[in-house]
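Look at the two complexes coming up: chain A is in both, with chain B in one and chain C in the other.
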Partner chain A sequence: MEINLNIKPNLQIRSFYLFFVIVSIQIGVGIMGVPRIIFEASGRDAWISVILAFLYIVLLLSVMFLILKPYDNADIFGIQIDIFGNWIGKLLGTIYIAYFVLNLFTVLITYIEVVTIFIFPDLNNFFMAILLVALILYSTIGGIRVIIGVCFLFFILSHWLVLLLAQPIWEMDWSHFQPMFQSSLTELLEGARQTAYTFSGIELLFLLYPFVQNKKSVKLPVYLGALWSALLVMAATVVVTGFFTPEEIKAREWSVLGLYKIQSFSFVERFDYIVVAEWMMVTLPNMILCSWAVIYGIKRLYKIPQKTTLYVLVSLLAIASIFTKEHYVIQALINFSAKLGFWIIYIYPFLLLILVYVKKRIFQNKGAVNHEK
Partner chain B sequence: MRKARKKSNDNSIFPTNLEDLKRQLQTKFDHNSDLNYTIYQHQNQQLAVFYVTYLIDTNKVEASLLKPLLDSKQSWDNTKLLNQIPLSSGKKAKTMDDILKGILMGEVFIYIENEKEIVSYPLKKEEKRDLSKAETESLVLGPQVAFTESLATNMNLTRKGILSNDLVLEKIIVGEQSPKELRLAYLKSVANQDDINTMRQRLVELEVDEIEDSSVLIQLIEDSSSSIFPQFYETELPDRFSYSISKGRVGVLVENSPTGIIAPITLFSFLESTEDLYMRWNIGSFFRILRFIAMVISVLLTPMYVAVVTYHYEIIPMPLLITLGQSRANVPFPPIFEAMLLELLIELLREAGARLPTKVGQTMGIVGGVVVGTAAVQAGLTSNTLIILVTLSALASFTAPSYLMGTTIRVLRFPMIILGGVLGLIGIMFGICFLIIHLLKLTSLGRPYLSPVYPFNWQDLNKTLFRLPYNMQTKRFVSFRLRDLYRFDKDKARKKKDIDE
Partner chain C sequence: MKNKLIMLLCFIPILLLSGCLETKPIERLAIINARGIDLLAEGLIDTTLVMFQFDTQSPDISKIASGSGKTIKEARYDANTKTSFTLTPGQIRLELYGKDVAEKGIISYLNTLVRDARTSDRVLLAITDSSAKEIITQGQQATNINVGLFMSGLIKQKIENDSIPKPELYDFTHAFFEKGQDPVLPLISSAEGTPALSSMAMFKDDVYVGKLSLDQAILINMFLKTIHSTPFDIGVDAKPLEKYLQNFLSGQDNETIQLNGKVIKGRTNTKIVDPKQLKFQTDVTIQMNLLELSRELDLANEEVTSTLEEQIEKQVKKQYEELLTQTQKMKADPFGYGEIYRINKNNGELKRDQWHELYPEIDVDYKVDVKIVEYGTIR
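The block that comes next holds the complex of A and B.
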């Protein structure tokens, strides 16, 4: 397998789209419920946890860039094979792909669950999954350009939802934040750790990096994307903490969606229905990017055509969704995904960085790493 | 058949005698008495002149061809013919194939016995209507004239619009059974070479029996034939055609078709009218944005009503819900049925209006709109509110400057209503997502259909979504990678004069 990739010019993307890709994959279903989870860990200082998490992500992103730097145009699969050899490299790559499948599946079933609870209590899981999966199939089959386009357009078309938070912000009780700085550092860090599932997705950079056209300007959009997601999560957390009392927060699974219930205009009484429907535009890019990562990764590792994998993947997703109607099953899957993601996304890159540079040092006399194979 | 034709191409039928030629021609024109074949005796020579009567301008034949031919005191040969007959673009032909093709194209043939070649002059009589006002794309401001069915007239109008020798009108013949002339129009110093090549290739490689009209040609060479969206712009306005070409697009004119094809285009081209340019920029922008809103309204308003009334009436505020409930109280049908009924009624009215003669059509409008509308409410078939919404969305769909796009928008509404009626807001959202993904996948002549929104290019936004004052529009469409990007000098346009300069 080639470590460095040679991407055709018509498949390359401009680096500025990475901003939208990063935001799209980070902001999905996680943000709907994350304020409660952070709040449970670090109390009214939850917003500090978000800042900590963001700082950690900035660190992580710079580590990822450092890993990619010694190579010409490699992705995670190539790097792993370069470092660990063919067998272990492929195994690790497979775990990576499995994680993407898991993430994709949790997003799918969570959104279906939200729709079931907020709009159609009797909705058939399988039917809804078929709808979503059809959209995933239709856009993923268009290739990377269409996928990036979906991220870009849906980003623009869904961000008006932020404006609807105006009324909750207006009615916030600022005393909910006082007294400040009471949580201990461990509580704050625990809160930051709880954002792992929400903020996951930046690992996609490892896969998309070879596709970027202008590598020199790749960093800024990525950091800005992470900043924007952090700001959105931050806003959600602050508004939820300020608007609801602690008891109310704990009673609400998706506290952010609860915020939209009080916004009303003279022509629209309740926005939560519209918001839940509109949320499809938030989750779809997320799922599409994940499924692209899966089919692309499998092609990289095992040379199976992307179309074959895609058909298999979407049918499996639709079938599997039948068996995940219960909330505790979904929650268990999310928790598992969060735990796995924590190690794969947030810890593993540091290890990989060390290995990449150790290897580089060893082979320094014979030339750079990328010339080795 | 094709092999036989090739063989005859190689060997000339000349020299021959006149009776022989006549017999040969008559076998080809079996049961066709229109071939006028006359043999003249002149200075001890035998001359044959033949043509199809109704394809030829007979006055011209007599005045400019026969008169000098027969009055002359010398004997003729081919060179003399070409030099001395006061007609331009005479040419020689050798084979039966060329002769037959020429006769059908309106040429007059002259054969001097025992010559090695035959001479022909194009003296075509073209039946055409006069220039008239644009009907389907009518405008308030700007040139009103429309293309006609005559290719020569259309080329004339295009040249008049672009007085530049950069304008190329490439001739391409398409159609195997009945060949038709096409013209590929572009500005060679501006248009992107890839676009020109792609278009030329698609036209040249086309293997069909015939092309009925430019709209048929569009369907034959489109990027995706399964899509509901038109991918080439079809216009009957010469000013729009030449404007697009001068901004670097590629155009195609088809013989016997009153519309020109423009490509590559984007979705937003269908919402632009040339009138936006003739109006002041701020007003032009307003109307352009209005058309966008109209498109969204047209696709989404009725489906939204159906979805909300069927499943999510909590969304409607209480005062509105009461009136809505009152107006719907008499209606025994579910909203989806009610909406489909009314939409179908409107479509029927539109279709009937388009088919009927103008005077009857107006009466139809009154009958349909007023009588059926009010009666439907009184009969309890539909609610008042829905009538307002349906009318609004029908009206909105007619704001699209392109008739093709207007039709697309109206048809799109039906699946959306069904989605809204079956799955509520989720269904509508599904429809919107599907549409956006579909639009993202579409291309026009290989260029993205949604540019400049995706691939994003902020410099082009002022040509699609809104307009800016002319001194800020120094560039042509950046996304299309034209050869010459600049329209005029930016610095000169922006230069401000001092008080008393």
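The block that comes next holds the complex of A and C.
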């Protein structure tokens, strides 16, 4: 397997679009419930936890760039094989792909659950899954440039939802934040750790990096994307803390959707229905990017054609969704995904960084300039 | 070609599957817009539903149905057995609780509303001074229009001019869960059959503990938020203004002068003076227009206006103090002084019920500042 990739110019993307990709994959179903999870850990100072989490992500992104830097044009699969050899490298790559599958599946079933609870109580999981999966199939089959286009469009089409927060902001109770700075550092860090599932997705950079056309300007859009996601999560957390009392936050599964229950216009009485439907535009790019990561990764590792994997993947998703109707099953999956993601996304790159530089040092000492064996 | 076929196969389900959902044609629905809840013996809940029913055969679209059961949902299904239409609760605008229910606590019924994602958070809550069923059934006969809309209209117009604190589901649960604050709701009573918003009900947690007047509702609302263009009535002592009275223009000879005006902007600002002694200070600022006086005054004279302002200030301060002692007796804090106390505590925590014990002890110094901005075309 090649470590460095040679991407055809017609498949390359401009670095500017990475901003939309990063926001699209980070913001999905996680943000709907994350204020509660952070609040349970760090209480009134939940917003500080979000800042801490963002700082950590900036650190992580710079580590990721450092890992990619010594290579000409490699992705995570190539780097792992370069460091660990063919067998372990492929095994690690497979774990990476399995994580993407899991993430994709949790997003799908969480969104279906939300639709079931908010709009159609009698909705059949399987049918809803088929509808969503058809859209995923349709976009993913178009290839990486179509996927980036979908991210860009849905970013613009879904961000007006932020404006609707004006009304809850108006009714916020600022006393909920006072007295400030009462949580201990461990509580704050625990709160930051709880954002792992929501902020996950930046690992996609490891896969997309070879596709970027102008590598010199790749950093800024990525950092800005992470900043934008952090600001959205921050806004959600602040508004939820101010709008609901602590008991209400703890009682609500999707506190952010709860914020949309108070909007009412003369032409639409219940705006939350529209918001839940609109949320599909938030989750869809997320799922499309994940499924692209899966099919692309399998092609890289095992040379299986992308279309074959895609058809197998979407059928498996639709079938598996039949068995995950219960809330506890879904929560258990999300928790598992969050734990796995925590190690893979947030801890592993640091280890990889050390290995990459140790190896580089050894080869330099031996006089080898080039990594390609 | 093959690709197109596959795409087609993907899109056929999208078109067809939407037919698999439950259909709800409006002609076969009864849309509930108000619900009354009373308690029967043995823990049974009695619900009275006011609804729209778009029946082609009947000219009257407002209907009333009732049912009983151990839970609210069960009661609704029971009511459904008596109507030929499917009752849908998604459009409930008003929840009306009978006096018996309110005295036992209403939070368990509200949880049902919050749990069900399909009910709106903007549902108005109110209680009655008799049973909810009585108010609804009598009201329907007396008003001739849909009594659910009638009652929510009663409350909404008061909310719009900031005369009462907003009694929506969100506001009630918020005040309920806030440990240093208690909720208030409008109280609807029957005036010869027609429902009328007569006073406010003070709650301690979720239990109805006493009545407050509508004038006091303005004071509470002014404490909770900045109020705008609110009608405002107050009676001031006539004595200090005696010499400015234009007696030839005023009819009756009373001890007090009744004023009617409109608050352009009224707000309060509270700080804690001494957390240990529970001493608070509340600054009240009111800008108002004068619309009517029961006895004419020479208002062009600045001295008169400032004396009048002083008298109003005195009166507002007195009303606030009365309201405070009255609610202190009920051990229920409609203002949220407890929140201000909590913020200034070291750990920022307040236990449930702790504030109910402390509230009667608090001491508030009201500093009122009234400005009369306009007094109409007559000088």
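The rule is simple: the second predicted complex is superposed on the first by the 365 of 373 C-alpha atoms of A that agree within 3 Å, B and C clash if a C-alpha of one lies under 4 Å from a C-alpha of the other, contacts with A are read in each partner's own complex, and residues count from 1 in each chain.
Quick note on the criterion: a residue touches a chain if its C-beta (ideal position, glycine included) is under 8 Å from a C-beta of that chain, and two chains touch if they have at least 3 such contacts.
Note that the structure is predicted; figures quoted are calculated from it, not measured.
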| item | value |
| --- | --- |
| Touching partner for A:R14 - first (chain B), second (chain C), both, neither | first |
| First (chain B), second (chain C), both or neither touched by A:Y138 | both |
| Touched partner set for A:S175, first chain B, second chain C, both or neither | second |
| First (chain B), second (chain C), both or neither touched by A:I262 | second |
| First (chain B), second (chain C), both or neither touched by A:R270 | both |
| Partner chain(s) touched by A:A320 [first = chain B, second = chain C, both, neither] | neither |
| Contacts of A:I330 with chain B and chain C, given as first, second, both or neither | neither |
| Chain B versus chain C as contact partner of A:M1, first or second or both or neither | neither |
| First (chain B), second (chain C), both or neither touched by A:N124 | second |
| On chain A, the residue positions that both chain B and chain C contact, one per complex | 120, 131, 138, 264, 269-270 |
| Sites on chain A touched by chain B in the complex | 14, 16-17, 115, 119-120, 128, 131, 135, 138-139, 142, 146, 149-150, 152-154, 157, 264-270, 273-274, 276-278, 280-281, 284 |
| Footprint of chain A on chain C - complex, ascending | 3, 7, 10-11, 13-14, 17, 20-22, 90-91, 114, 117-118, 120-122, 168, 170, 173-174, 177-178, 339-340, 342-348 |
| Residues on chain B engaged by chain A in the complex (per definition of touch) | 311-312, 314-318, 320, 423-426, 428-430, 433-434, 436-438, 440-441, 450, 453-456 |
| In the complex, chain A residues that touch chain C | 44, 117-118, 120-124, 127, 130-131, 134, 137-138, 141, 171, 173, 175, 178-179, 182, 244-248, 251, 258, 261-262, 264, 269-270, 272 |
